Amino acid sequence: MSRRIGILTGGGDAPGLNAVIRAVVKHAVGQKRWQVIGIEDAFNGLLQTPPRLFDLTPRSCQGLLHRGGTMLGTTNRGNPFAWKMPDGTVVDRGAELAARVREEGLEGLIVIGGDGTQDIGWRLMRDHGIPVIGVPKTIDNDLESTDFTFGFWSAVEVATEALDRLHTTAESHDRVMLLEVMGRTAGWIALYAGVAGGADCIAIPELPYDPDRFADKIRMRRARGRHFTLIVVAEGARPKVGERLPSEVAHGQGNIQAGGAAQTLARLLAERMPIESRVTVLGHLQRGGSPTPFDRVLATRFGSAAVDLVEQDGWGNLVRLDNGSITHIPLEQVAGAPRHVSPDHELIQTARSVGIEFGTAS
Amino acid sequence: MSRRIGILTGGGDAPGLNAVIRAVVKHAVGQKRWQVIGIEDAFNGLLQTPPRLFDLTPRSCQGLLHRGGTMLGTTNRGNPFAWKMPDGTVVDRGAELAARVREEGLEGLIVIGGDGTQDIGWRLMRDHGIPVIGVPKTIDNDLESTDFTFGFWSAVEVATEALDRLHTTAESHDRVMLLEVMGRTAGWIALYAGVAGGADCIAIPELPYDPDRFADKIRMRRARGRHFTLIVVAEGARPKVGERLPSEVAHGQGNIQAGGAAQTLARLLAERMPIESRVTVLGHLQRGGSPTPFDRVLATRFGSAAVDLVEQDGWGNLVRLDNGSITHIPLEQVAGAPRHVSPDHELIQTARSVGIEFGTAS
Amino acid sequence: MSRRIGILTGGGDAPGLNAVIRAVVKHAVGQKRWQVIGIEDAFNGLLQTPPRLFDLTPRSCQGLLHRGGTMLGTTNRGNPFAWKMPDGTVVDRGAELAARVREEGLEGLIVIGGDGTQDIGWRLMRDHGIPVIGVPKTIDNDLESTDFTFGFWSAVEVATEALDRLHTTAESHDRVMLLEVMGRTAGWIALYAGVAGGADCIAIPELPYDPDRFADKIRMRRARGRHFTLIVVAEGARPKVGERLPSEVAHGQGNIQAGGAAQTLARLLAERMPIESRVTVLGHLQRGGSPTPFDRVLATRFGSAAVDLVEQDGWGNLVRLDNGSITHIPLEQVAGAPRHVSPDHELIQTARSVGIEFGTAS
Amino acid sequence: MSRRIGILTGGGDAPGLNAVIRAVVKHAVGQKRWQVIGIEDAFNGLLQTPPRLFDLTPRSCQGLLHRGGTMLGTTNRGNPFAWKMPDGTVVDRGAELAARVREEGLEGLIVIGGDGTQDIGWRLMRDHGIPVIGVPKTIDNDLESTDFTFGFWSAVEVATEALDRLHTTAESHDRVMLLEVMGRTAGWIALYAGVAGGADCIAIPELPYDPDRFADKIRMRRARGRHFTLIVVAEGARPKVGERLPSEVAHGQGNIQAGGAAQTLARLLAERMPIESRVTVLGHLQRGGSPTPFDRVLATRFGSAAVDLVEQDGWGNLVRLDNGSITHIPLEQVAGAPRHVSPDHELIQTARSVGIEFGTAS
């Protein structure tokens, strides 16, 4: 008898989500003749009446490999275990969710998402007996459980292309160009794109910066006849403790706003020297667009491996990339804490060796 | 005896500047064996002591065709005819500039720049007898004197790629995505990129918008099951007269700030309906990067034609594209006023015919 | 009562076909509430039993704007007026085709295609009374009736990117690189891409070349320390009359083969001097991929204008770009002869002025 | 006293060579104030009189990071230990080479190249006492000594983009499209690009194919309404032993020619079924162009690590990527044999799981 499984994508979108879905469908439906049911808008699609489900076939996956986004839609609103009702109360809809999975005849779920989504999946399995297999996803590449996540290199590529472009126009004008990229708590995108795009300075959340060091770097470059400076700023980058924030920013509500981190640094620099600076905030451009070949291959490997796990009744595991090989670990061991850039990470050392300033003593 | 001419680039940079320089050098030096002297940082390079000049040879132009920016540097600071001195006084350095041109043995100048730069060139010729030929440049494509300027299609390409990317991620999330593009007084980039990138709404300076019309468009799309909307906003777009500005923006100093136009529209929409919106501001990404083939060909035609004009002693003219052919007009006839998008422009009609909303009655 | 029209695409595919279809559907269905019926595989879709037709809606056109190819499929096999039967006889199926159009309740057809396809459309109207509106299409840009066809600049972009890449690797190795591009009878792609990509030599069908001139160009470059040469070859380029062809090629059946033109030139050069040469044939890469913004805008204008023509009962016309404006001409006036590159075309002169060799005396 | 080292690039070029050079110079000159001498055209630059050497400075590396090719030039002609003289004799110029290195005051050499180049470096050290550090390079990614080589992912990206384009045009036409990519003895590029680009069939040197299996795949797809098939062919792919080659190909001289492998397969398929096929040969397009961020980062890490090795007197080693970390191994242990795709490689299994046919029993 044919198996019947569900698949959903949760959290922010990342290039490669569609490639995972396609690989699952091609493997499970195309090769094994199972049924794969797509669930729209993460777990929410199961909680709606009627549930928003549809059959996935190889035909419905045509042209999907190179498309960014997710054909299933996604959402980061609404945790089924702490669901906010219109009247403000919070209820646990876990049992309801599990009942729906069973009503729809789904043997189990392939859950593609970040730590938050994986935690929901794991609780659904542990507390309500719904078999779940996880596929890790975060564009920030800050998961402990896997070497790389798909989407990361695609975001780095968008940021690197932006640096290439800013480089050109900066050279023509004697300017300080600041590029703000994603990374609220981990600076991986800023670090990789900064090295790949030839940045002069990089500011990441893990290394609170001293603005004077960046100002010195700009002065040193000018002294050598280089009148432009390129700075990559992760959106979570902050000056070191004790550094007075520029007044306009200090009045903010403390939220991280797009452009806030780069604007802050631009103002701190302007307080120290006469500069003409320009801020560019990439924002959602980093999530859109076609996944790089690296991400397409990785996403395909993840999707195919998830189906293998189903076949081997390996429920309760998360597929991952481990030293270049696809393996898996128990969902309950998936760390909630993000993987940070260590101050002595090899790529930090490499970046320093080619003259990149991080705003801290090395 | 060999001729000896100078070349400079003024104003903001645009993809294709290097391609003009290359064509001038390949034609004048490579074919005609003239001397071409590059002047750094627009007219400023001549006013410094010593002047910042260097010999341009075909070898120095290797690899230049596909590079954005300008190898000569540029600036929009400092009008030689109204030069701000450190003590705040304003002096006319026109005669000094003309003297430098003669001291350097330059027969005349090829001046690549927008209306402001061309005006300086024209005054240098009219008032001080320095022969000048102009090559028009503005990334905004808002010159009356030419069908197209180089750099425009390159900027449209960057904006269109951004729309393709935002489209992908907007589809995954049920969102209103606003993309702010260049265009302070003329909306050409927003119009062309909006049509090319499949925007749902376009806001341009020439058509002050009624926010209710954009809100209605979003509602109509939702009613048809389309839960995302893509809006292109020119940086000079504004709501119609009488429209109350959102308070945060109203407190501003009235300056046009990057992100201001899109932020304003996002807030006006949020006052009218529950939406999750995201603003992306392309900024200098539109100026950087490699020129499109269209712009490389146009820039090469301009550069080559400028040398032909020198040979024919056609000083005092601006080369231009006129109904697809390269011709020229007297510099004194170059209009100072930008070419605006007319409300009944054919492409506005075309855009409306495919369902694009401009925020005004048609 | 709602109107009901058919739409089809004929001949080789070109980037922008989908954008025309989308504009027709968005305008006719989305705005005017007509019915638009897609016909698969050009006229063949009407001649099959059952006919291969389907309803086109704005929803079916989602994501279509930036996709290359044609969602309707196309074919250049089978002229309905001279249909080859399995037994080898040729029959006229024009009346049958017209009957099918009427049976399906189609008021008329929008026919997107090159001169051959337009000729079929015109005969269908003239001889069988089926109302037809034409939209011109050829990637080669060699139609007399329109300034530009969509797809052309996209092909030029692919070829220019290839030249940028070959340039890089040629510089590293002291080589002659030949790039063969499309253009059997007209050299527009080779000419534009050659100028945009900084080619040293261009060979086009309109200018039969003297191999000695290309060999001289290579020698001159070497004498100046430039040890690589980039040559763009249109697939229809040929040596001048009287030039002996290399023996391997001479034994061919006279067919134009992919790579034949570039291989021929490579061998003629190798007979004249010691060179290491590499041939790259772009082939179908020039047809695939996303249309450039220029082509998307032009295709959208064409599609929208075709619907306007239907509304104005302007059947029997071909939409076109005429000095930058969208107009139309009677289908019967559509010239069968391709528009060739004239030897004194301005862009040929421009190319020569920057040192490009065409293999002929100027 | 300042150290003084030489650097050269050997063998075919690969995207990222310039990024290695830049990292070496930025680290050694920019940070450590050493001298770095660039040697042109591999070891040949040392053997010429006068030697072709020049000082490398951070300034000479401006804009180098994103440029393909190598600013030092390269060559695969001429092994100093078996040098072909004009009269046909072969001489050992190793001692002469070593003498030149000493005359120029070079403490040692950083040698960037494939196994052949590394072997020359190693012999120069072992037999003539010249200190050497190796940096591995092959676009084919077939070295035993390192996880990945720079240039590989850039080549995969070019091939994947080509597949995306061919996919589009194949869909419009009912065709079999064959794309020939690099890989004479190892099929890594074909395998990765085939998976990333959604190929239906992949032919690699390691798996001699049965043409009947590919023909069956095409028939199966047609039976499911998919009238096009995309096949990636490594240039070294061959039919299984005993398979009669098509006559035209069989008459060849046994050389591997660009296009030969794909042409052979196209003809073998045409003997089995009526198909319309098109062959595209990417050739040198795979070597040109800007390195991907992955390759830029890897090349920067390699270059920086090579300088670290010099500082630690780690001569005689090859830097490499080993399970994601930069380490090194003795040059004498560098295997001469290429790393082949194993028939049971995980990515082969993954590819099969999503329906890709390799022309062999699994």
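By written order: A, B, C and D. Residues from 1 in each chain.
Keep in mind that, in the parts below, a contact is a pair of C-beta atoms (placed from the backbone, for glycine too) under 8 Å apart; a residue touches a chain by one contact, two chains touch by 3 or more.
Please read all numbers here as calculations on a predicted model, not as lab measurements.
Chemist: If you apply the touch rule, which chains end up adjacent to both chain B and chain C?
Modeler: Intersection of chain B and chain C contact lists gives nothing.
Chemist: What whole-Å value do you get for the distance between chain B and chain D if each is reduced to the mean of its CA atoms?
Modeler: 41
Chemist: For chain A versus chain D, what separation do you get between their C-alpha means, in angstrom?
Modeler: Computed value for the inter-centroid distance: 31 Å.
Chemist: Report the inter-chain centroid distance for chain C and chain D in whole angstrom, where each centroid is the mean of the CA atoms.
Modeler: One centre to the other, that is 35 Å.
Chemist: In chain A, which residues are in touch with two or more of the other chains?
Modeler: 63, 67, 164, 167
Chemist: In graph terms, nodes being chains and edges touches, is this line, ring, star, complete or other?
Modeler: ring
Chemist: Chain pairs in touch?
Modeler: Applying the touch criterion to every chain pair yields A-B, A-D, B-C, C-D.
Chemist: Residues of chain D touching chain C in their complex?
Modeler: 13, 17, 67-70, 73-75, 158, 161-162, 164-174, 177, 258-259, 278-285, 287-289
Chemist: Enumerate the contact residues on chain A facing chain D in the complex.
Modeler: 22-23, 26-27, 30-31, 58, 63, 65-66, 147, 153, 156-157, 160, 164, 167, 192-193, 195-198, 290, 292-294, 296-297, 300-301, 304-305, 307-308, 323-326, 346-347, 350, 353-355
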